[in-house]
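Next come two complexes built around subunit A: one with subunit B, the other with subunit C.
Our next item is the complex of A and B:
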């Protein structure tokens, strides 16, 4: 095995088929999109080459910046709210509680439910007249807190973030949990023999040992947020008045409602570059952390 | 070592790209086929049926329409049980009459079909031989791209025009050529729940002032006065477009929407103002900007909301046994607006749903025969269940027709003008602008003046880029 891994020709040879396939179905369309982004094209009729005009238009469009800003807010919410919650749950479960398996599965359930269904569930929760949230608030005597959650500009974005953040808590929890479980018990026992509390064990032993997994989760969370689409599409469709617009939704509307295929491709290219940039930044930050 | 690193890098990069790719460029092409409700199994069944029929027929008969096996695909938007059954029953009928023809019908949910599936397929002319489409601005790109068959010669050949009601071909005609066979007509009306009007002692409105008064009375009594799901721009458009027919008149609106006149007029500003007045008086459900049309109309069908301004298709819900408002609904025209240029006999509506034929079809004659047949058949059936008004000269026993739809039909007997919903008239970016501006009116972020000016600017931009 070791010898085989040292043989670079063999590696190349065996990786090649998958790589070619990958290039055809993943990389090629990206380059095609880059090509389309230079066109003035409605997706059906004749296309006209217009150079970078679509990009000029994009960077002059306040709506586009709003959408990007919203997606960055969502990424921040994912990293600073979703991941810490996942981490706490993972550490509690990994530390051993009664019904560990049950809780692990229960938290994972939202991940396997389709986004469309989750969106519809939350739509019912947020419904202004018979929604669970408003009825609940009223029952608790907090009627003054009742809102038109998805229908007012002030609350729509946050109302969309809540289910999006909630949905993937279980996913990240499972990743953290499995990483924490893979730490050899001797190390944790050693810490306990030295008199570390559960909190100290978690903070000083477990978390530093699962940094690579944290890095992966941060990247997943950020990329997932930047390209989020389904929940917002159903919950608010970017409304009201673009309060909850995100780039991929904007791109969708440009293609399928406005017939601006070229412009939408420019947005697609932007999302790709944005994701690569964030991945790069996160890598750099974590390399720095891991070195220390 | 370096090579390994490089490979690793490429793979990571590729993974990131693919994740993004799924959300963006890839989505377009896959979205279309994803949600299609294929009906292959059913069709296989039909194929067998056809086979049997062929066997039963006497040799003399089958010679008449024998010839090579003909396969047609038919794309439509009725995956639901009620309309889907109508489609299937006609397909069976047609296959019985033409044993050598096999029809594969593909049903897709409407919004998905309109926004994704048809657009993706029509880009390469790969849509069904006979396909459901919308006239006006929607099909214009397809007609320009040459993927739709002009029907004039075939219509001449089969004398189809005599069977159609007047004016129903208008929106399927581009540059003097006809491309679409009208499936149905619709007309907008204000559907009022008489029981609620009586309960709260309100008069069914005939003028806009009375409408406003009714809204205020219902609101004061804690009843949501009108249906509106403002999350979907077109639903707001239904009301504003109809008001514009009152304030600006049907003739002018038709010219303006075609780009011959400006949309930035006092009358159109006024229509937006009236919408805002309704909104400020509390006409619409709380949180309407977060509600979809279906969600919102549910409460009307449950008998909780007294008024719904909608297309004639609302009738089928009013008469459906599943709902609680059977026999309680009175359909009246959009109330008159004092000082407006349009009278009470102008309506929003028209014939916009069309059957079109793919320019690449191998069998235009059979496709045409099928298209005419199914259009006529569905026109009749949809009329019976209260879905829409017929576009063809149909012969239907009045007692079979939905009672609420009959009321709408009575209303339009003396119609002197129709204006389509703007979003079917307008093209591309102007549609999106229309929705945005309407939502702005409801949210209070757009003024009526900005609405009219914005519509005109969007119209100019679309028409301008076309002229280039």
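Our next item is the complex of A and C:
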């Protein structure tokens, strides 16, 4: 058996298909992107090596900054609005309520539906004349608040955030919930015997014990926001007048509309590095919290 | 003690109301989509926007299914997702077996290479893949190949964790009985890993069935479009026909919803697991 497990042919047979597939399709292209980002290339003509000019151009481009800023706002909305809502729901459900499973299943439904469908559905919700939102406002006597949510520069970005936050509340709720459920019941009972209210138990006992999961969720929420594409692509395509532009969408347009392959690759590299940087920062912050 | 009880009941009522409101917020848009899928434009523009349909226009479903080739798109999605899942499961399980059980020097290094994939995203390689896969664009492979590559890191991470926890006795006994390594893998390891394989299958299903960026960029011909892109086109074509769009969106949602009804527990467990390990 020892010999069988050291058989070189068998090792190659088992590991090479996956390894080659992964390296060629996922890993190598990252280096290619880095290479492209140094080129002036439209995909058809000759490519010209221009060094870091694309990066210089990128950091001087107000549109790029706007896109990055929008994605950071989205990340902030996810962390400071979506996650707290998810946390409250998770703690309430994990604390035991009648119909716990029903609620959990219901909250989770939007998570599994494709972003395309969610986006088209919300387009109808935002429809200026027949959309749920404007009709609802009118019914509540708030007709003065009616507007073209996706078509006005002032509201387009927020209108894109709402469905994104809405869709993934259930996802983070589930993660917090399963973390809270894995705490041994004795610990929670002990707290309650000591006279802690439900709120105190949640705040002083449960939340500190699920910090690792909170860290994971913060990282998911931030990275998901920095890479967001589907919903905005359909809802506004970055408009009006780039009011809801985000980096992935900008990159996509640079590739398929204006054929600026070099510049698009510089944006791609920026997105990767930005995600790594934010992951690193969140790790550091949480290490600090966990030490205290 | 008595006071304690009444207090619990009170929070119970407020909590219930709160939970019901959240349930409504999470589900109402979907319910609304279903109701307007059964209405005619006349009814919607005539003022019945929120209520139940007066005439249930099931015809909307028949019409849009035919007109927008939704059957074709659903079939394509099944093909792409199906192949993606099969390749992901087999290749990842094989690599996992080599990493966990076989004895070679570079196994940790190879495992580490796969793990770096956790930090990559499809966005970052959109353009290079578009260039590299030119001959494959507008085929099923244009989507299957990258979906598998990006599903493997999570798959391998989850599978390694699970295989490490499995006892070796069965394999050892099989070797003693004279089975070769390929049979041990196929007849002993694969069945033992069934639970984690189903978790990976669910995660892979959701990510490839719902993926949009590559699906739009790499497949433009009618013949190989997946349902996400098909729905997108449909909305563009019938933008003013609410009933038809609603019906199309509902049809596109049904496969995932049916799956969810039967597997909600497994789906939630899989997503939670994928997150914990990631």
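Everything that follows uses one rule, which is that the second predicted complex is superposed on the first by the 267 of 292 C-alpha atoms of A that agree within 3 Å, B and C clash if a C-alpha of one lies under 4 Å from a C-alpha of the other, contacts with A are read in each partner's own complex, and residues count from 1 in each chain.
Here is the rule we go by: a contact is a pair of C-beta atoms (placed from the backbone, for glycine too) under 8 Å apart; a residue touches a chain by one contact, two chains touch by 3 or more.
The structure displayed is predicted, hence computed values, not measured ones.
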(request) Once the structures are superposed on A, label A:45 by its partner contacts, choosing first (subunit B), second (subunit C), both or neither. (result) first
(request) Scan A:257 for contacts with subunit B and subunit C and give back first, second, both or neither. (result) first
(message) For A:152 in the superposed arrangement: first (subunit B), second (subunit C), both or neither?
(response) first
(request) Check whether subunit B or subunit C contacts more residues of subunit A in the superposed model. (result) C
(message) Quick one: is A:109 in contact with subunit B, with subunit C, with both, or with neither? Answer first, second, both or neither.
(response) second
(message) Quick one: is A:128 in contact with subunit B, with subunit C, with both, or with neither? Answer first, second, both or neither.
(response) first
(message) Once chain A of both complexes is superposed, is A:227 in touch with subunit B (first), subunit C (second), both, or neither?
(response) both
(message) With both complexes overlaid on chain A, does A:276 touch subunit B (first), subunit C (second), both or neither?
(response) both
(request) Look at A:120 in the shared chain and tell me whether it touches subunit B only, subunit C only, both, or neither; answer first, second, both or neither. (result) second
(request) Using the touch definition from the top, say if A:6 reaches subunit B (first), subunit C (second), both or neither. (result) second
(request) Would you tell me the residues on subunit A in contact with subunit B in one complex that are also in contact with subunit C in the other? (result) 8, 11, 15, 19, 22-23, 25-27, 29-30, 32-33, 43, 123, 227, 229, 248, 251-252, 255-256, 265, 268, 271-272, 275-276, 279
(request) Could you please specify the touching residues of subunit B with respect to subunit A in the complex? (result) 3-4, 7, 10-14, 16-28, 115-116, 119, 122-123, 141-142, 144-145, 147, 224, 230-232, 285-291, 295, 427-429, 431-432, 435-436, 439-440, 442-443, 445, 465
(message) Applying the document's contact rule, which stretches of subunit A touch subunit B when the two form their complex?
(response) 8, 11-12, 15, 19, 22-23, 25-27, 29-30, 32-33, 40, 42-46, 123, 126-129, 148-153, 156, 223, 227, 229, 236-237, 239-242, 248, 251-253, 255-260, 265, 267-268, 271-272, 275-276, 279
(request) Quick one: which bits of subunit C touch subunit A in the complex? Just the residue numbers, please. (result) 11-12, 15-16, 18-19, 22-23, 25-27, 29-30, 32-33, 36, 44-45, 49-50, 91-92, 94-95, 97-99, 101-104, 110, 113-114, 116-117, 119-121, 123-132, 145-146, 148-150, 152-153, 156, 172, 175-176, 180-182, 185, 206, 209-210, 212-213, 217, 227-229, 231-232, 235, 242, 245-246, 249, 252-253, 256-257, 259-260, 264, 267-268, 271-272, 275-276, 278
(request) Using the touch definition up top, name the residues of subunit A that touch subunit C in the complex. (result) 1-2, 4-8, 10-11, 13-15, 17-19, 21-30, 32-33, 36, 43, 89, 92-93, 97-99, 103-117, 120-125, 130, 132, 135-136, 166, 169-171, 174-175, 178, 198, 213, 216-217, 220, 227, 229-230, 233-234, 248, 251-252, 255-256, 261, 264-265, 268-269, 271-272, 275-276, 279
